[in-house]
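Quick heads-up: structures coming right below.
Two complexes, one shared chain (subunit A), two partners (subunit B, subunit C).
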Partner chain A sequence: MSNVTDERVKRASVFTKVLSMPEVGAFLGAIAIFILFTNRDTTGNFAGLGGLAGWSDIASTIGMVGIAVSLLMIAGEFDLSSGVMVGSVGLLIGLLVTKLNMNIWLAIVIGMAFAGGIGFLNGWLVIKTKLPSFIVTLATFFVLKGANLAYTMMVTGAVRVTGVDAAPGYQSAFNLFALPIQVGKFQIQMSVFWWIGFTIVGTWVLTRTKFGNWIYASGGDANAARNAGVPVARTKISLFVTTALTAGFVGVIDVLRLQGMQAGQGIGNEFFYIIAAAVGGTLLTGGAGSAIGASIGAVIMGMAYIGIPYSQWDSNWTSTFLGLILFTAVLVNTYIGRKARGGKR
Partner chain B sequence: MANALELRNVGKSFGSVIALQGVSIEVEEGAVTCILGDNGAGKSTLIKILSGVHKPSSGEFIVAGAPADYDSPRDALDAGIATVFQDLATIPLMSIWRNFFIGNEMTKGWGPFQRLDVASMKAIAKQQLLAMGIDLRDVNQAIGTLSGGERQAVAIARAEYFGAKVLILDEPTSALGVRQSGIVLKYLLKAKERGVAVIFITHNPSHAFLVGDRFFLLNRGQLLNRFERDNVQLEELTKAMAGGRDLETLTEEIQAVRDRG
Partner chain C sequence: MSLKIKVAAIASIAALALAGCAQTATPTATAAANSNIKICVYTHSDHGSFWSVFEKGAKDAAQSLGVTLDLQGSNNDAQKQAQTITAGVAAGCNGLATSVPDAGAIKTAVAGYVAKNIPFLTVNSGSDVSQSLGAFTHVGQDEMIAGEQAGLKFNALGVKHVLCPIQEAANSGLQLRCDGLKKTFKGTTTDFNLDGALSDLTKATQTLTAEFQSDSSIDAVFALNADVAAKAVLPAEAAAGVTLKVGTVDMSPEALQAIKDGKIEWAIDQQQYAQGYMSVVLLYLAIVNKNELGGGQPIYTGPGFVTADNVDAVMGLVKAGTR
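Right, the complex of A and B next:
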């Protein structure tokens, strides 16, 4: 009676188990790229604290939103408006404090509320219209992109907002969100610590909470999830809101650090977030992925951005390099994932 | 045995289309009730009424002796009526234990520290599956790595564990090979032995005959016939299901075509 399974359930070896983890491909990739740039480095700093300070800075802002985007993608949805949202929130805060003399803390609250509202709208539209989120958020992207430029021009007469540092409350907000921490000769950005926190929270939510289970279920098979009593619509809308809020948070960090904002800030970043998630092992069709994978994906991108100039390569080729990494990483992830799961996906 | 649920003279129409008409069935506890019918016989509509997706347009739907009025599958589930859909039962990429507890996750701790009780869920999933005769060494593996029959079995075990008194199986064997079908039928009998009222919906009379205690035949939205285990043979069931005379006519027609060729 009870021996029916013996022929089909082989004991999975530790090796297979490790390989079937979604982030392992990204992890091996990060090590390979680290070794590559350490060897090619002409400054002697890449493998040290100087390099770390550089790449962790870039990785942190990509990683934070990358994690949120990864969760959203695991649930089977896209958000192409996540990049422009960084700019929208930064600009909104900048305009509120420079034109209305608002306290920066109040402006941050309003900026985040705006992001949350747009995120909710994205999610609600996707659920109600049943249109692909790719289209809905692409529309949001263009609406916001236009609005960022037009409204900034209209109010300031220029394509940027400046002088945010004069706002009441600026110093305390700066200290919390954007203060660089001196380590030896180098500065580690505050955003790096926020990013580490986001990675821990994202991993916790995904693997150890009900909500995390619902994320996997919603993306794995929305119908089966609904039949089992999972609130799929609520899960997805929450993730659209989270993604927009995270992008808004990066907008807050940017506007504090730069003491102003360009109208075009953040545009194009949506692809960095998706690359980080995909390199980190998140399945584009949903149902699988991890938060830590997206963070490792962000590390790879940070290393490329720092490593290329350190190696005295022409940094105009950075995007080309990232494109190749994306393709290779997803190919390898898919291949070892398939191997580890015994031919089935 | 008492009736777990009953339909009395139930009809269902969608606009001008009559999907079901005057259907009366009784489903006993601790028995397997088979509902047989060809494509378009009204099986899907019947399942949807029983599982709370649709409300009957006419007639009575009685669960455990009292009239039932469900607004959603969740209501039916709360009343102990669980449906295992043919291909919508599990989520392939998720682990077996996560699938087992999906929508019913166990947690510990409170407030922001509330977290999944992973150890308990793994242990319970393993133990419940073992009780059904499915011995898995690793409940962490993706459920997609299991065979179709085993996935159905996990879904059945899950429904039982979460208190299903009535278990509706929608064509559980139709996508499976002979051996896998056998496995599912065996689990179905195990559920019956534990006192669950099993409703087995199928268009395969041989599978129904292997496990069924009572058989209802649907055709074009109406109840064509009913049989009890003791007074029916497989040939009779097959013939009745195929529409009796229709089958004979069809056989003659096919023969005629072959003779010509």
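Right, the complex of A and C next:
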């Protein structure tokens, strides 16, 4: 862009530093998409509270898991079971409270423990077997997908759990995790505030803590990191657990908000999390990325889902549009980053 | 006339037909003869909430008629269903009813059976291929007709613009419902892609909210699934601050409650109890009396409509396992 002078001898300016941050491409993309839909909007709502209430809701659940997936990807691993985990935890909580009359708080604890256990298993298997996490978690994905359907059918005789709102403790849990906040005539979902919190914590861990450095090191060059004393195995397993717990947390929010759960909930969403992370500047090869980038990636997706109907475009093209955004964002991101760092084209 | 009375009436007609049959002189002889009749019902059933009602219908009919019933599901596995049919037919069936979710897989399995000229009908899914497979009739609901009836219901509600959200883009049956709606509805209909709604109902809610906000002429929604209706359309209606007339297909506890509360106008019910019951009765008549009902056309069990007027009765019947 402005780097037309000889960049090899130039000291990195603030401008260069900013441009070489991984989330900058996503941020510029988000602004472009915001302007696009604000101009195409037929309702006059997109740039206002109505639009915000809509896209922030979609972005929040994608963003929360997206951040965890982003951290995991920086460490060089994938988790394809993160989408289905949302459904697994929600269904487990639903079955515990409706069939065993359990207090919902206890059910939430059990549900999260289940998620953590599966996350640990994912990580442990990846480390022990040295198989690609893509394969290990793909297997977990199929196992959970089948179990969600089979177990729900076995217990309830239907493809869904209903009546979670009758559980003891429901209201207090709902208030904490899923209560919508009325702003004017629109409702901002509680998940949005949790998501903002996750973004702050994720960014802090990644940029300000030792564990954050371990994450980058594990994904950059695992052997070099190990030689430098980084506990690579522990770091990766912790990240698998974190990803599963975050997905489980979204499951908690969903089961409280929907007062029940469908056996298919969450399936396919793992791709949205990966898209959010990739659009946000996280490398698929590991070693680089950001937490806030994943949140911005989630915002882009949320805006697309709301902006397309607002613009009265044919909704059949939504996925195509998302695919183009993904490609453009990653391409622009890579290009800007390379230019800003002064590399060759 | 309630469903139970209706089926009882059909059963008694069947019994009368039997009494008129020359080969069976006395009632005792009838019962003995009937237990030798083996009727096979092989479906793609997953024994879930939908199919368990169908199966109860078939069992109730077999019990009233005193015939032997072989009832097997295949859990949506077309290959397994074909194997079940092949094995079952080898063991001997006097009459066969099968659902046809996948015509290609079922075709070879029933071919040898059809050649023997034993009564055969299709049930639940497969109205379009029923005749070509050699069935004398099909018992079920036609998706197009369900949509057409929904269109008439929306006309009666006086609405102008119906949104038809499709939650599984690859399911052609859902598109047929929207097409049927378009045929009979006097106002505007808009098909809306809501693919993946059942794996993310909150996203579906927000997408629908955006659609309702952007097109204020929409005053009704034809939801093609009870969860979409109760868990996505109703929350979106509230979030967008609009008032809509909502109709849905199939039933869930929440959807029934919403009908009772007046938030959903009606639910289309394909009355699968009658599908199971009628299959057995129709095969029985074909076996003992060579009656082939339907005139080569499908026999429709739906769409039945559950509205605020009959929702209490239906809720009771759902508990009893016949709706």
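Here is the rule we go by: the second predicted complex is superposed on the first by the 333 of 345 C-alpha atoms of A that agree within 3 Å, B and C clash if a C-alpha of one lies under 4 Å from a C-alpha of the other, contacts with A are read in each partner's own complex, and residues count from 1 in each chain.
As a working rule, a residue touches a chain if its C-beta (ideal position, glycine included) is under 8 Å from a C-beta of that chain, and two chains touch if they have at least 3 such contacts.
These numbers were taken from a predicted model, which means no experiment stands behind them.
In the superposed model, A:I35 lies in contact with neither subunit B nor subunit C.
With both structures placed on the common chain, the touch criterion links A:I267 to subunit C but leaves subunit B unconnected. Set side by side, subunit B and subunit C differ in how many residues of subunit A they touch, and the one touching more is C. Of the two partner chains, subunit C is the only one touched by A:T43; subunit B is not. When the two structures are aligned on the shared chain, A:A158 is found in touch with subunit C, with no touch to subunit B.
Of the two partner chains placed around the shared chain by superposition, subunit B is the only one that A:G287 touches, whereas subunit C remains out of contact. In the superposition on chain A, A:S315 contacts subunit C only, with no contact to subunit B. Comparing the two interfaces of subunit A, the one with subunit B and the one with subunit C have no residue in common. By the touch criterion given at the top, residues 41-43, 45, 50-51, 53-55, 57-58, 61, 83, 87, 153, 156-160, 162-163, 185-187, 189, 254, 257-260, 262, 264-269, 302, 305-312, 314-316, 318-319 of subunit A touch subunit C in their complex. In the complex of the two chains, the subunit C residues touching subunit A come out as 46-49, 52, 169, 192-196, 198-203, 206-207, 209-211, 213-215, 227, 231, 239, 241, 252-254. Of all residues in subunit A, only 1-6, 8-9, 11-12, 204, 208-210, 212-213, 216-217, 220-221, 223-225, 227-230, 283, 287-288, 341-342, 344-345 touch subunit B in the complex they form.
Residues of subunit B that touch subunit A in their complex: 73-74, 77, 83, 85, 88-94, 98, 101-105, 107, 114-116, 118, 130, 133-138, 141-142, 144-147, 150, 183.
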